[in-house]
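The structure under discussion appears below in the form of structure tokens.
Order of writing sets the labels: A, B and C. Residues in every chain begin at 1.
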Amino acid sequence: MTPDARAAMRAAIAAAIGRGSFPDAAADHPGVFSWPPPAGDRAARFRAELEALGGTCHDMPEPSADAVVALLDRLMAGRGQRRVLMWDEALLPVAGLPTALVRAGISIDTVTTGDMDSIERRDELASATIGLTGADAALAETGSIVLASGPGRARLASLLPPIHVALVERHRLVDSLAALIRQRPDLATAGANVVCITGPSRTADIEHTLSRGVHGPGEVHVVFVG
Amino acid sequence: MNAAPASFYRRTADALADARLRGAVGRVTASVRRSRQAALDRLPDADAWRDHARQLRAHTIAHLDRYLDEFAAAIEARGGHVFYAPTAEDAIAYVTSLVRSRNLKTAVKSKSMISEEIDLNARLEAAGVRVVETDLGEYVVQLADDHPSHIVMPIIHKTRGEIADLFRAKAGATDADLTDVASMTQFARRTLRPEFLRADLGVSGVNFGVASTGTLCVCTNEGNGRLVTTLPRVHVAMMGIERLVPTPEDLTVMLQILGRSATGQNLTVYTNLINGPRPADETDGPSELHVVLVDNGRSRVLGSELAEILYCIRCGACLNACPVYQEIGGHAYGSVYPGPFGSVLTPALRGLETFHDLPHASSLCGACREACPVRIDIPRMLLALRADDAKAHHAPWWIATGLRVYRWVATSPRRFQTAGRLTAKLMRTTSRDGWIRWLPPPLSGWTSTRDFPVMAVESFQERWARRTKPPEQNPS
Amino acid sequence: MTPAARSSVPKPTRVQLFVTCLVDRLFPDTGFSVATVLERLGLEVVCPPLQTCCGQPAFNAGFLDDARALARHTIDVLAAAPDPVVMPSGSCGDMVIHRYASLLADDPAYAERARDLAARTYEFTRFLVDVMGVTDVGATSDARLTYHACCHGLRGLGVDHQPRELLAQVKGADVVPLEEADVCCGFGGLFAVKMADISSAMLTRKLDCIERTGADTVVVTDVSCAMHMNGGLHRRGCPIRVRHIADVLAGSEAKR
């Protein structure tokens, strides 16, 4: 589009605004909204919300690679390939995971540069049974986790496998999405993609009957570590 | 958008005769209404959130030029492309030229009402691109060569049995794939997964664009919205020009009410924020991002008394609340945008010539205004459109003439009382037990299902005057 | 006016009754019921002569010039005295209170008068409860009642708790809940004729709910909705009747 065409459309919009009527429109931005702080315990709320959606919340007060692998091992029993698609180990809040996974006979995949250009690699990435990630935040009000993309933080790990396991440090638990963005406004643009995941993938398109795991993971496990 | 409707009345009659359709729409909308109410009840100060959301939408729409500038600049600063499309044709020309220049062969799509509005699928197919809808409901719609009948629940009108037949006939499903809704869902997952992995173009809609950051917010429950915007090498995001909010914090206000109003969820499962194409140091995500800002009549609406309809956030709550929608479903409206908001938006965007019946397809009960998370006064705009319609002489002769006579009668108390008395006497000649069972056309619509009470020969005012008349002036 | 100032204002002693065109010619008894209840509270009821119709049928059909003509006439009739105006209709009340000002915004002779009238116009039950502060009007009834919330009163004027409170005080009456009490009966004025099929389908749903209540009387605040539902009930051969709330409230031991 030529700059002129864009300017023309822009001018048409500006002129229209001069003619239109906009009930309750203030000249100035209405400012920020204040809400009452939610009552009750964040961790309990998070668990209740996530479980209501069919997700699972785990507590790992003394985290170790072996404990995480034991969980993954249990989750993938009878579920296809013993394969985990994961973030870079340095970005996960539990150390030593690759060694422990290999020791348990679980293969590891990560998304690397150029993978998107190869159909074979895409299919391979899609064959993992578990996606293992960290998270930037957990939201008590909705049982959600927030994941920003970035180097070593592949989006596909929380998306392609049928099971998603997120390891989250307890201090990352905040009240709500609104509270999170107010506290950390930069987080919304921390990666080319920032996703807020609220429970397992679901649909109710057929006769309004709930069904989980349509395109994203049908199982979501949030593991609070520490 | 679909072809102009043949007749609203015809489609309405078909819908009303379809007991299965009405049962399905009635059941589902009732269930979603309950979920919505429960979700709003869970949110402390829900009304205050709604008030603030309304103010945000009002302010943004009234300053759309400024926010569009900010939005476009922020996207471009991150390496995304922005195209302003004044018309549907401009939008289509941009996307088709893009698919040619990038040699794109297969597109996966997540739900996008704006691409339905401009009929993008058919035009992409014509340009040699295979288009696969990936939202489960939209996938069914595409297999059935049908249209969505609800903006949030596209196949509210279809039964499980019909969908199973469709999967068997058009997608190669076996009986084992169709034993229940869960197995049908897994069938769709298996069938569509290779499409995601192989597509080179992802087309999505946009729930909100954040002006200050150029962020695109795409909400889905199934995860197809994430796959469509992550796997293909080119992502095209289609959005109406009005879909903006000023800041990320404002976005969180809208998200507090969108999911609750739409489906009764606190948040949709995947609230996906897209901030440009894949940077050099990331390993997945599309390498190109194109944002197509579609006007297609919106700036005309912006410059009118109907601008408030652009505050709409497409949650569908007004459809679920509307007793008319509940009876006739979405297809009867003959537009991509059905229900109460559609009865304003469709004629506003596409003109009253074709859609002059829609503003009249309402009892003005106001349930839509009450359900709207941003409190859009839909009845006010239906009335404004009815006034435009009357000016354009679309009203049936008997209404135009009848109202002119009524005005002449009712602006004179003497004529009013005389006409009332004469009508009452006339009615008495055809009534039985105080009821009239038959009226001639065009009033026969009433008596097709209802009796009409006869008027009183002596009116209240005549009796009242008798009662209050001082005795000395009343010789009897 | 501040809330404190409002509460110190003495309650009116005289009201103007605008009966509405439907009550005038179709349900004149209801007009007397309204007057009876108001007089029982010691109010002087004046029914300004020359009143006709508020203009809503024309307004809802989009014929604004015709609606304006009737709005001006109604303002002339009701602006003669400064007393509050009471209407036994949420629908006509909503028209006068919420539509007149915008309808006549560009009419220098009437814009201000339209706003003034809107500020002192009340739907009947709102007037009783919110202005007069009364919920027990001395009514008795042996009927089994249920309440349907008429749309314009409910969503336009916030009329819901007032009629419910009034009914709760009717001695001897049994009040039972109505499923989907806030869903439209499908009347909608010309809508019922122009879109008769949709309107009829809505009415069917409403009447099915009514028949399930076990009530013998459905109470409403608009005679238009009563006319519509009664027309359907009569056609069905169902003995349940819909009555304006004034007709229920006017019932008393003394009268019977």
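Note that a residue touches a chain if its C-beta (ideal position, glycine included) is under 8 Å from a C-beta of that chain, and two chains touch if they have at least 3 such contacts.
In this text, all values refer to a predicted model and were calculated from it rather than measured experimentally.
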> If you check the contacts of chain A and chain C, which chains show up for both?
Replying inline: B
>> Counting only C-beta pairs in contact, which chains form the busiest pair?
In response: A-B
> Of the chains shown, whose Cα mean is nearest the mean of all protein Cα atoms?
Replying inline: B
> Among the chains, which has its CA centre at the largest distance from chain A's?
Replying inline: C
>> Between chain A and chain C, what distance separates the C-alpha centroids? Give it in angstrom.
In response: 53
> At what distance in angstrom does the C-alpha mean of chain C lie from that of chain B?
Replying inline: 32
>> I'd like to verify one number: the distance from the centre of chain A to the centre of chain B, where each centre is the average of its C-alpha atoms, in whole angstrom.
In response: 30
> Which residues of chain B touch chain C in the complex?
Replying inline: 9, 12-13, 16, 22, 323-324, 327-328, 359-367, 369-370, 383, 385-391, 395-396, 399-400, 403-404, 406-407, 410-413, 416, 420, 423-424, 435, 437, 442-443, 445-446, 448-453, 455-456, 458-461, 463-465, 468
> What residues on chain B touch chain A, complex-wise?
Replying inline: 24, 27-28, 31-32, 44-45, 48-49, 52, 54-56, 58-59, 61-65, 68-69, 78, 83-84, 86, 94, 134-137, 140, 153-156, 158-160, 163, 181-182, 184-186, 188-189, 192-193, 196-198, 210, 213, 215, 221-224, 226-227, 229-231, 233, 241, 246-249, 251-253, 255-256, 263, 265-279, 281-285, 287, 295, 299-305, 307-308, 377
>> So in the complex, the part of chain A that touches chain B is made up of which residues?
In response: 1, 5-6, 8-10, 12-30, 32-33, 35-36, 38, 49, 53, 111-113, 115-117, 119, 122-123, 126, 141-144, 149-151, 153-156, 159, 176-178, 181-182, 185, 188-189, 191-209, 211-217
> Which of the residues in chain C end up touching chain B in this complex?
Replying inline: 19, 21, 23-28, 31-32, 35, 47, 49-53, 55, 57-64, 66, 69-70, 73, 151-152, 154-156, 182-184, 186-205, 227-228, 230-232, 234-235
